[in-house]
Amino acid sequence: MDGAGRGRNRVEPAQDPTLPLALAHFAPSYRKGPVDECGVFGIYNNTSAAHLTYLGLYALQHRGQESAGIIATDGQEMYSHRNMGLVSEVFDEAVIGDLKGRSAIGHVRYSTTGSSVLGNAQPLLVQSRRGSLAIAHNGNLVNAHELRERLEQEGAIFTTTVDTEVMAHLIARHRKAGLEEAIVHMLGEVRGAYALLFLTEDKLIGVRDPHGIRPLSLGKLNGSWVLASESCAFDTVGADYVRDVAPGEMVVISGDTVRSTQAVPSQAPQQPRLCVFEYIYFSRPDTDLQGRNVHASRKEMGRQLAREAPVAADVVIGVPDSSISAATGYAEESGIPYEMGLIKNRYIGRTFISPDQEGRRRGVRLKLNALKKVLEGKRVVLVDDSVVRGTTSRHLVNLLREAGAREVHMRISSPPYRFGCHYGIDTGDTAQLVAVGRSMEQIRDLVGADSLYYLSLEGMVKAIGTGVATGDFCHACFTGDYPEPIPEGAGKFAFEKGGS
Amino acid sequence: MDGAGRGRNRVEPAQDPTLPLALAHFAPSYRKGPVDECGVFGIYNNTSAAHLTYLGLYALQHRGQESAGIIATDGQEMYSHRNMGLVSEVFDEAVIGDLKGRSAIGHVRYSTTGSSVLGNAQPLLVQSRRGSLAIAHNGNLVNAHELRERLEQEGAIFTTTVDTEVMAHLIARHRKAGLEEAIVHMLGEVRGAYALLFLTEDKLIGVRDPHGIRPLSLGKLNGSWVLASESCAFDTVGADYVRDVAPGEMVVISGDTVRSTQAVPSQAPQQPRLCVFEYIYFSRPDTDLQGRNVHASRKEMGRQLAREAPVAADVVIGVPDSSISAATGYAEESGIPYEMGLIKNRYIGRTFISPDQEGRRRGVRLKLNALKKVLEGKRVVLVDDSVVRGTTSRHLVNLLREAGAREVHMRISSPPYRFGCHYGIDTGDTAQLVAVGRSMEQIRDLVGADSLYYLSLEGMVKAIGTGVATGDFCHACFTGDYPEPIPEGAGKFAFEKGGS
Amino acid sequence: MDGAGRGRNRVEPAQDPTLPLALAHFAPSYRKGPVDECGVFGIYNNTSAAHLTYLGLYALQHRGQESAGIIATDGQEMYSHRNMGLVSEVFDEAVIGDLKGRSAIGHVRYSTTGSSVLGNAQPLLVQSRRGSLAIAHNGNLVNAHELRERLEQEGAIFTTTVDTEVMAHLIARHRKAGLEEAIVHMLGEVRGAYALLFLTEDKLIGVRDPHGIRPLSLGKLNGSWVLASESCAFDTVGADYVRDVAPGEMVVISGDTVRSTQAVPSQAPQQPRLCVFEYIYFSRPDTDLQGRNVHASRKEMGRQLAREAPVAADVVIGVPDSSISAATGYAEESGIPYEMGLIKNRYIGRTFISPDQEGRRRGVRLKLNALKKVLEGKRVVLVDDSVVRGTTSRHLVNLLREAGAREVHMRISSPPYRFGCHYGIDTGDTAQLVAVGRSMEQIRDLVGADSLYYLSLEGMVKAIGTGVATGDFCHACFTGDYPEPIPEGAGKFAFEKGGS
Amino acid sequence: MDGAGRGRNRVEPAQDPTLPLALAHFAPSYRKGPVDECGVFGIYNNTSAAHLTYLGLYALQHRGQESAGIIATDGQEMYSHRNMGLVSEVFDEAVIGDLKGRSAIGHVRYSTTGSSVLGNAQPLLVQSRRGSLAIAHNGNLVNAHELRERLEQEGAIFTTTVDTEVMAHLIARHRKAGLEEAIVHMLGEVRGAYALLFLTEDKLIGVRDPHGIRPLSLGKLNGSWVLASESCAFDTVGADYVRDVAPGEMVVISGDTVRSTQAVPSQAPQQPRLCVFEYIYFSRPDTDLQGRNVHASRKEMGRQLAREAPVAADVVIGVPDSSISAATGYAEESGIPYEMGLIKNRYIGRTFISPDQEGRRRGVRLKLNALKKVLEGKRVVLVDDSVVRGTTSRHLVNLLREAGAREVHMRISSPPYRFGCHYGIDTGDTAQLVAVGRSMEQIRDLVGADSLYYLSLEGMVKAIGTGVATGDFCHACFTGDYPEPIPEGAGKFAFEKGGS
């Protein structure tokens, strides 16, 4: 989904040429699986609006480590600060102090490629006839390219490569009618996944796409209203979870009231078709999605995996940190003891200097170490939540064997990952996905495991909760079954990398 | 001309609260007089395009120290890097290396207020139907507010507060007709001062406003064409000066050719109505403007000043660095010896820690020291090129007296500065100008000098060169005689601070 | 053990005044319990000596996050680089490249107070008559003050406040006799805990104190010899563990040989009296100490704790990361399910901006979040490896209760911590230790738990391994039973903070 | 004088490989001629001691741009801060605030080579039996090597490579007798040039070498006493110059009193044999040395040069900034008009990226530009204060010719520079000095000038002042006539680079 677009604003990051591939694969900002692109947080009517947004972004940092931004308003002016880096790096006390006012929205963004330019950092602040508008967006539009082309034909110009700007243009086209109406108009034209926050001098608005693919929840903190990608952000700021924003719903917070309208007809009659990867990998274990705890769901996936793919073994281990939940579930269900077999170094910096051609192997060892005493002579079940290119898996299996594991049985707590995401997840080049064009046996052989099993789609869904069916999720990355048709060439659409 | 506009994207810079006023007045990025807002540089068809642009910006650094940026193209893609800071801070070798291609434009920007946000750094890179377009702008539009309002009514959105974006919108409105035609269209709508560089994947275009208020010159470096705000940049990159771009002229460099068209009818039939402050203060002494050397003109202003305002004295001194030329001219004409009476500390950093309430006085002493041996018991002529608020002058006169000067006669090599600039110069609050609402005697009294004289407008013009009349310059800051009517409320126009 | 000494070289760190206490308590470089002061790594005869030392320090980063340093030699010159910060911050490729040669030693250092000055960073490089000598030291001398006083009387001067310099002086006093003899002489005079690495142009020497309080191991990497504080560093560089350096042993690596001598008579006839806190908290779980895996020992401590202090409960949780091992042991032994009840935010930066007086509570929530779904209505066993001041414990108990825990039973997998360490651990002010002067009931009340139990000393030792007795460890922090008499006033000795 | 010593603590700085030689020659921290190594400042009994020391170092920044440091005392403790960089970079308000107390000393240091290590930054803080002692040193000992060897034989160790540490050891050897006595003892053993400041908890002491080679002056600021390398620092802090410290004098400031003793017999019966390069180049123009203003002396050197080496020419120009004084003197005496023929770019950063092999030529042009309008067709006298390797001169002559100069006559306002300095000036490799082994004609040919003359030694001394003879200065760099015999091999002595 690389930007094959015209005239991209692209500066290759000054990459450390010595950074071994394996390390890139283990870099601190790296998240082994596919990567979610953003987290959003907003608060209305709080004297510490920017401060609390800062804390909320801290809690959502796992959703994006590339850039962070906050826009606040005191009802008169909009105050903005965005920069590349972690929340802890982008903000300091003086900056937070300058972000005045009682309302604010914030954004953390992830990006894997050259498009990591500051200009694309969010929230986006645009000014048009009806005043200022700040927008924070998690998701991706599948028809952004088409819309952008039309807008350009109508004379629009773009100063960023994120599709958030496309939405801003569409809103401006109808702004005369009032902001809410203009947003509804815009939503009528865009297709895709989005959790959106809008901030004006006097309103905070939250919108979720008609399928409910990306998560967005509403919370309350004393007299303040809060919107966030994940409920863990509510816990961090001390807010109470109220409810999820519904598919196609627009929540308008203004003055003392919260109004809700169905901005676009819901396409998810039962419940949101939430991205199933939020359960598998993206969300924090302490987040509740649709009332279900993420850690609990992951653990249940591990249990289900044990039922579907039992194996005679001595010990179950998980890849830290994200697969520990599933591994403990597998252990409990199978009765095979869970053990801490891999230790993660918590101090890995952003870059790493490789002494030699052994870099890749050393990179893995620098990040993770295998516990010989735990593994020696053992038949090991290695639980991982997903496999992307297979390279890391191969190194892990090798690491375990070198530590003395007699057998290594890989168990993946999600189905084979085979299709690109069009809804805001950077899946890299799908051609490189290990599960594309390979049989299970070939994958097993490639990673070097004694056996390899993936959790079934049905099993995964069952694990998430009772009362849900596969149709209640977006699982296109496993099945290619996208909630709505993907326009011809959408993969190439993204002028940038298709996400924001 | 402060932005009273709606919804400004404003973050107060984290100012050092201890920075004494006097020091702010002497800060390194401070330029005592009114400040020019930008310098531009462009090169076409050179294998070291970004490198040479970097060198060119180095030479133009005096025109703006707030932010710097370069956009380069290899004919396929546009590569951009912009950041806050000096050229030497913004670019390093890796960054320059990433700015690939054979053409590039660059920009240095100055700003004194809270609008010093990265989002306003230039060149601006916009994308529209017909491809990418990078724009670097020195100047200011007087009808930007009006245009912006119209564009917003038509549905345009703005992501920066610089009027460059207004121009980008106007171009996009007519892009179908071809870029050059679209630029001509845009120029037909904007009014004000501008030296503009445009870069596309295959063209470099330079345009100068119909009055020729801001400078722009064309040079040649072997097979490459170069455009720059000042000729000193040509010397630095080793290019030869070819000629000034004429008022209203558009120079289109493409392939092997340079084509020239009169994009807007010239409003300066004789010669450009160049901003007279370029001669007085802004331009580097080694720059030639309209074929006249800046240092030579300044020296002649000093001579003329000596003719207009002679005084019996023992020594002539100038305020370093910008007034040295005029001071030597005064000395030569008057026969009074020129002396180095004030020594400037070359190592002043951006901030300064004041130990106590004496900060202001110490700030002056930290930056400048008076040479007692030169001044003791002497009647001193102190030549300065301009006086803004008068505070610095008062401190300087005091410094000289403490060093033993018996008499201090201030001689200013330009007329009293009384009117705001609408053409790209930040004049601050005109109400604070010392010459507004004060008689000469009151000003003299305020700065504490024994006598005070300003150079006459006619004398100044005469000094600049033969064959020129006052009508051949923009001298509105002295006379209020703007080249064209300023729209009602233009002072409030600038959504930002009116410049870019 | 705060430095009450004369004329300390003390600069208060520029602390963020907004950093709430609770956060300081949860700061990223913070390690909840007492803190180990250093890790050392050395390698001899390897073409990537500095690179591998860098990797080794990465693996030992948990032992000290304040400063890092490497000194390398090519047999002719010594090349040194030290700075404040994490390994990933202190070194980049250029720096590593400048650290030429085939041998190197490195050091990571922790410090909690104002003495965090660069001058104290290690390794120390001294030059004397017989050439250069680099020293890296983990530990603390109990008679440093006395020795320093004597040396000063003899005319010695000190440029740092670390007792490593005392050792350097003592060595220099006898250097004529040869380096090894001089080291032996020095060892005859110092008393305390130390793991020492020495590097000269042609030798790498490792020494361990006669009690074997601080750990030091020998490894082999192809033709190179390696010395490190913990065996996990061997895994990271791909070396094989050979053996622990014995109490009082000096290992001299030179040319092709490794020679071993008993530099000082061992005071630990059976086995090293290793600091028991290395098992409880300091060492990485994947490190093997004296042939016993640290994780396994901790898990066994949890089992033993379950035997000693069983409780009727629904779930066992541990404080991440260091107490997870013990918590799983407790769960396995008790049959109560282990659960992930606390989630740690992995992205906490070094500073944190508190919005208000709620800072302390928010600080805890920012760092750790409780899993409501896991805890609601449950009787919870909270396992922690140690309690220092009790503040964090109180916040944790409160966090669990707010998340719905019906009962909270604290179980500490080590005995009450009551005595200051004189062997290189920063214990802060012993008067602030929660276990000093309080009954168990008072502590329980203070932390707000329903019940509270500490593991017994005997239980702890039993958990570490068969064949060991309490006399086989230094457990003075629990018992006050120091391996050797502490000189009167040693607590005040440390000119600096007693460690290096 | 490069360190050929054993075991140097040497880390090559991460140099920009693209930095062209010519640029290194024009780098911002570069000072064209030989470089002075240090500036010192001290203040006693002032509530803003650290703040004022900071300002004083600002004024002395031209004497050293590599590192800066301040040590302050509140009578109980010593507070220290040192780092690499300019004064404005090393200190911020928080740091200054931490440097508590009413007395302080500061130091700025220059170094050109790899020995630019932080460990060598000053002031040095040592602790010995009698308490803390901070030392700031400008100068160089000629017998440091010999002393260091002796000290090492006696068991001393060294943690830096500056000879200040040698002095610290010698003082410690006799500290029992009291600090002043110990200093006198030390002074009896060292030979060379030094301006020394010592700070203890209750005293500030200043000492100057028996020849008075390096400058040191005493000033008064209300109730506070001030010591500084140059009087310009007094002006900056608002202090009054009292007198120079005499050769061999020790000034002890303590309580309310200033006591003076002849610590070592003066070797300069008439007046200090001050380094003549302080007049030529090192000191700031606004400094008074021995009651003579530096600018005035330089101007007189220019006059004398005009008398000794007149030439028929149209214009006199100087190399900015240091040669402007001499150039105006030459112009006044010769009657040939002085002109600003070279313009210096004030914004050159520390590094510079060269686009290509043309780097050297571009480097010169980036830093300096020639004013064509001033030079075209003219016979030019180019006045420079000294010539080191001749490379810059060649580039300058070429620059002038390219700007149209018809003839270029170089006039150097000092004698040919042929001998290395042993007194604290980094002269680089004397073999590279253009005047070594070349006739005047050969030098002229090498730099490409039409004529070339150096000022005579007698003429130079005459210019400095009446009543002085050549014997009243150290002019060894011109004559090889060192104030005292230089030990065999002193050039190689310096373990570091011979200076501090």
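Residue numbering begins at 1 within each chain, and the chains themselves are lettered A, B, C and D in the order written.
The criterion applied here is as follows: a residue touches a chain if its C-beta (ideal position, glycine included) is under 8 Å from a C-beta of that chain, and two chains touch if they have at least 3 such contacts.
Here the structure is a predicted model, which means the values were calculated and not measured.
Engineer: Looking at C-alpha means, what's the farthest chain from chain C?
Structural biologist: B
Engineer: Compute the distance, rounded to whole Å, between the mean C-alpha positions of chain A and chain D.
Structural biologist: Taking the average C-alpha coordinate of chain A and of chain D, the gap between them is 59 Å.
Engineer: What whole-number Å value describes the gap between the mean CA coordinates of chain A and chain C?
Structural biologist: The answer is 37 Å.
Engineer: Take the average of all CA coordinates in chain C, do the same for chain D, and state the distance between these two points in whole angstrom.
Structural biologist: 46
Engineer: Check each residue of chain B and list the ones that touch at least two other chains.
Structural biologist: Chain B, residues with two or more chain partners: not present.
Engineer: What pairs of chains are touching here?
Structural biologist: Once each pair is checked, the touching ones are A-B, A-C, B-D, C-D.
Engineer: In their shared complex, at which residues does chain B touch chain A?
Structural biologist: 6-12, 14, 77-81, 94-95, 98-99, 117-119, 124-132, 149, 152-153, 155-161, 165, 168-169, 171-173, 175, 201, 495
Engineer: Under the stated contact criterion, what part of chain D meets chain B in this complex?
Structural biologist: 16, 18, 48, 51-52, 54-55, 58-59, 61-62, 65, 86-89, 91-93, 96, 232, 235-238, 284-286, 288, 293, 295-296, 321, 324-325, 328, 332, 337-338, 340, 343, 345-356, 358, 361-362, 365-366, 369-374
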